[in-house]
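All chains are identified by letter, namely A, B, C and D, in their written order; residue positions are counted from 1 within each chain.
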Amino acid sequence: MKRATVAFRVRYGETDRMGGVYYANYIAWFEMGRSALMREAGYPYRQLEGDGCILPVVEAYCKYRYPAHYDDHLVMETWLTRLTKRDLTFAYRIFREGKLLAEGYSRHMPIDPQGRRIRVPEGLLTLLEPYLESGGV
Amino acid sequence: MKRATVAFRVRYGETDRMGGVYYANYIAWFEMGRSALMREAGYPYRQLEGDGCILPVVEAYCKYRYPAHYDDHLVMETWLTRLTKRDLTFAYRIFREGKLLAEGYSRHMPIDPQGRRIRVPEGLLTLLEPYLESGGV
Amino acid sequence: MKRATVAFRVRYGETDRMGGVYYANYIAWFEMGRSALMREAGYPYRQLEGDGCILPVVEAYCKYRYPAHYDDHLVMETWLTRLTKRDLTFAYRIFREGKLLAEGYSRHMPIDPQGRRIRVPEGLLTLLEPYLESGGV
Amino acid sequence: MKRATVAFRVRYGETDRMGGVYYANYIAWFEMGRSALMREAGYPYRQLEGDGCILPVVEAYCKYRYPAHYDDHLVMETWLTRLTKRDLTFAYRIFREGKLLAEGYSRHMPIDPQGRRIRVPEGLLTLLEPYLESGGV
């Protein structure tokens, strides 16, 4: 099984007055994870949209274990827990020096630019398959 | 049962290049909902933090049904589906002209400013009780 | 001279770990001000874009006097300091209970959806004229 | 003269429905630039705040030349155009493959955690001096 890895630093504007990262920002980070996975798999999401296939989020979930802080160097792992032509679920784990801070998933259903449900290109499934594994939060 | 209601317009910066609102922003909006509920209940969250009780999010979930768009006038309902001294779950529904666009929840566990688990003030529970009902997404 | 007024509450996610509102968010708020002005003037920005005229920002500036905080009830005034068919400058002032917290401007040059410089519709100028005055930060 | 360089990819959530990056996000990116500069200079901003010196923004400006888009790989250069114990101005330029997309500055006045004007530590000035040059937008 493969997982895509992306490393990044926490920005000041991502924190809130509680001192740590604002909760919605972890879910925004998830998007970096799936972008990284698709780029690594060889079918960047930008290209997929250019090919007329959009992957809007239909569900998102995050479990928060420990807060991330400004300037922390974080690592996110991304993989897939479900992969069909009409339904994809990405799973995410965010770590700071090996410690799991947050984990979650997002579920996506492909549509065309007019908003109609479509199937993802056959080629995409083949490229994403190595990242599929069962489990996740 | 009572539900707190907050109305707001979608900001341009909340949209993304897909044309609708970026998915993490619905979850950020949830926070407006629980702020409104606590203000309406008579114990604003700002005051609760001033009293040394912080309510970090330990879980968040959102189900996306239809996209919201720039300048849409939205209405969000907020209530509670779980209410104990150590565990609160807020539920949210976001509507545009009566149509349900998104719904979700966030679960919170009270801590003190040093990060230790505490109980919420007795008075808060009494004030929040009218907003408690079973169900939710 | 007329100024459009919009009132709003500071959201938790708009603050940063310094305790006040993150500096880029004041500039994001400016967009609410010009949306409110155009809606009040009778030509909502959403309609203008639908009519094929987009107003990207070519310059933005903000001067920060006092920080806004979570849950503050703010009032923003918006007007125009320059108004020609090819060049519009909006000015903004943000207040908390009459105290000026921040002020700034944004300059816009109309383009069509293909990115070519165009003139704004004649009708828009007429509607915006009452909001034009000299001065500003 | 030295300039700090930071490279990053545009996130999906940073775009708006116009298709490019939302204007306030360039100004949020500036903060990454000054964080990178201070880290490179040997006095990370996180450490400066820990030492009781906060650098709130008192002015910010951005000039927008060409839009950045989702997944673009951008490079930002950061340097200083003013450097005194009570007044620092950072300058920024954002490029995509050598093309200047946006440039701007932010001015900062040091305060202590109680909000009183202070001087920055002597050591900081020495470390930042190599990044000082005249000019900028």
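The rule is short, and it goes like this: contacts are C-beta pairs under 8 Å (C-beta built on N, C-alpha and C of every residue); 3 or more make two chains touch, one makes a residue touch a chain.
What you are looking at is a predicted structure, and each value in this text was computed from that prediction instead of being measured.
Chemist: If you take the mean of the Cα atoms for each chain, which one ends up farthest from subunit C?
Modeler: A
Chemist: I'd like the Å distance between the centres of subunit B and subunit C, where a centre is the mean of that chain's Cα atoms.
Modeler: About 28 Å separates the centre of subunit B from that of subunit C.
Chemist: Could you tell me the distance, in whole angstrom, between the mean C-alpha positions of subunit C and subunit D?
Modeler: 23
Chemist: How many angstrom between the C-alpha centroids of subunit D and subunit B?
Modeler: Using C-alpha averages as centres, the distance is 33 Å.
Chemist: Where in subunit D do residues touch two or more of the other chains?
Modeler: Correct list: 12-13, 18, 20, 22, 24-25, 28, 31, 70.
Chemist: Which word fits how the chains touch one another: line, ring, star, complete or other?
Modeler: Complete.
Chemist: Sort out for me which residues of subunit A touch subunit C in the complex.
Modeler: 12-13, 15-20, 22, 24-25, 69-70
Chemist: For subunit C, which residues are in contact with subunit D within the complex?
Modeler: 18, 20, 22-25, 27-28, 31, 54, 56-64, 67, 106
Chemist: Can you list the subunit A residues touching subunit D in their complex?
Modeler: Touch list, subunit A to subunit D: 9, 11-13, 28, 31-32, 35, 39, 44-46, 70-71.
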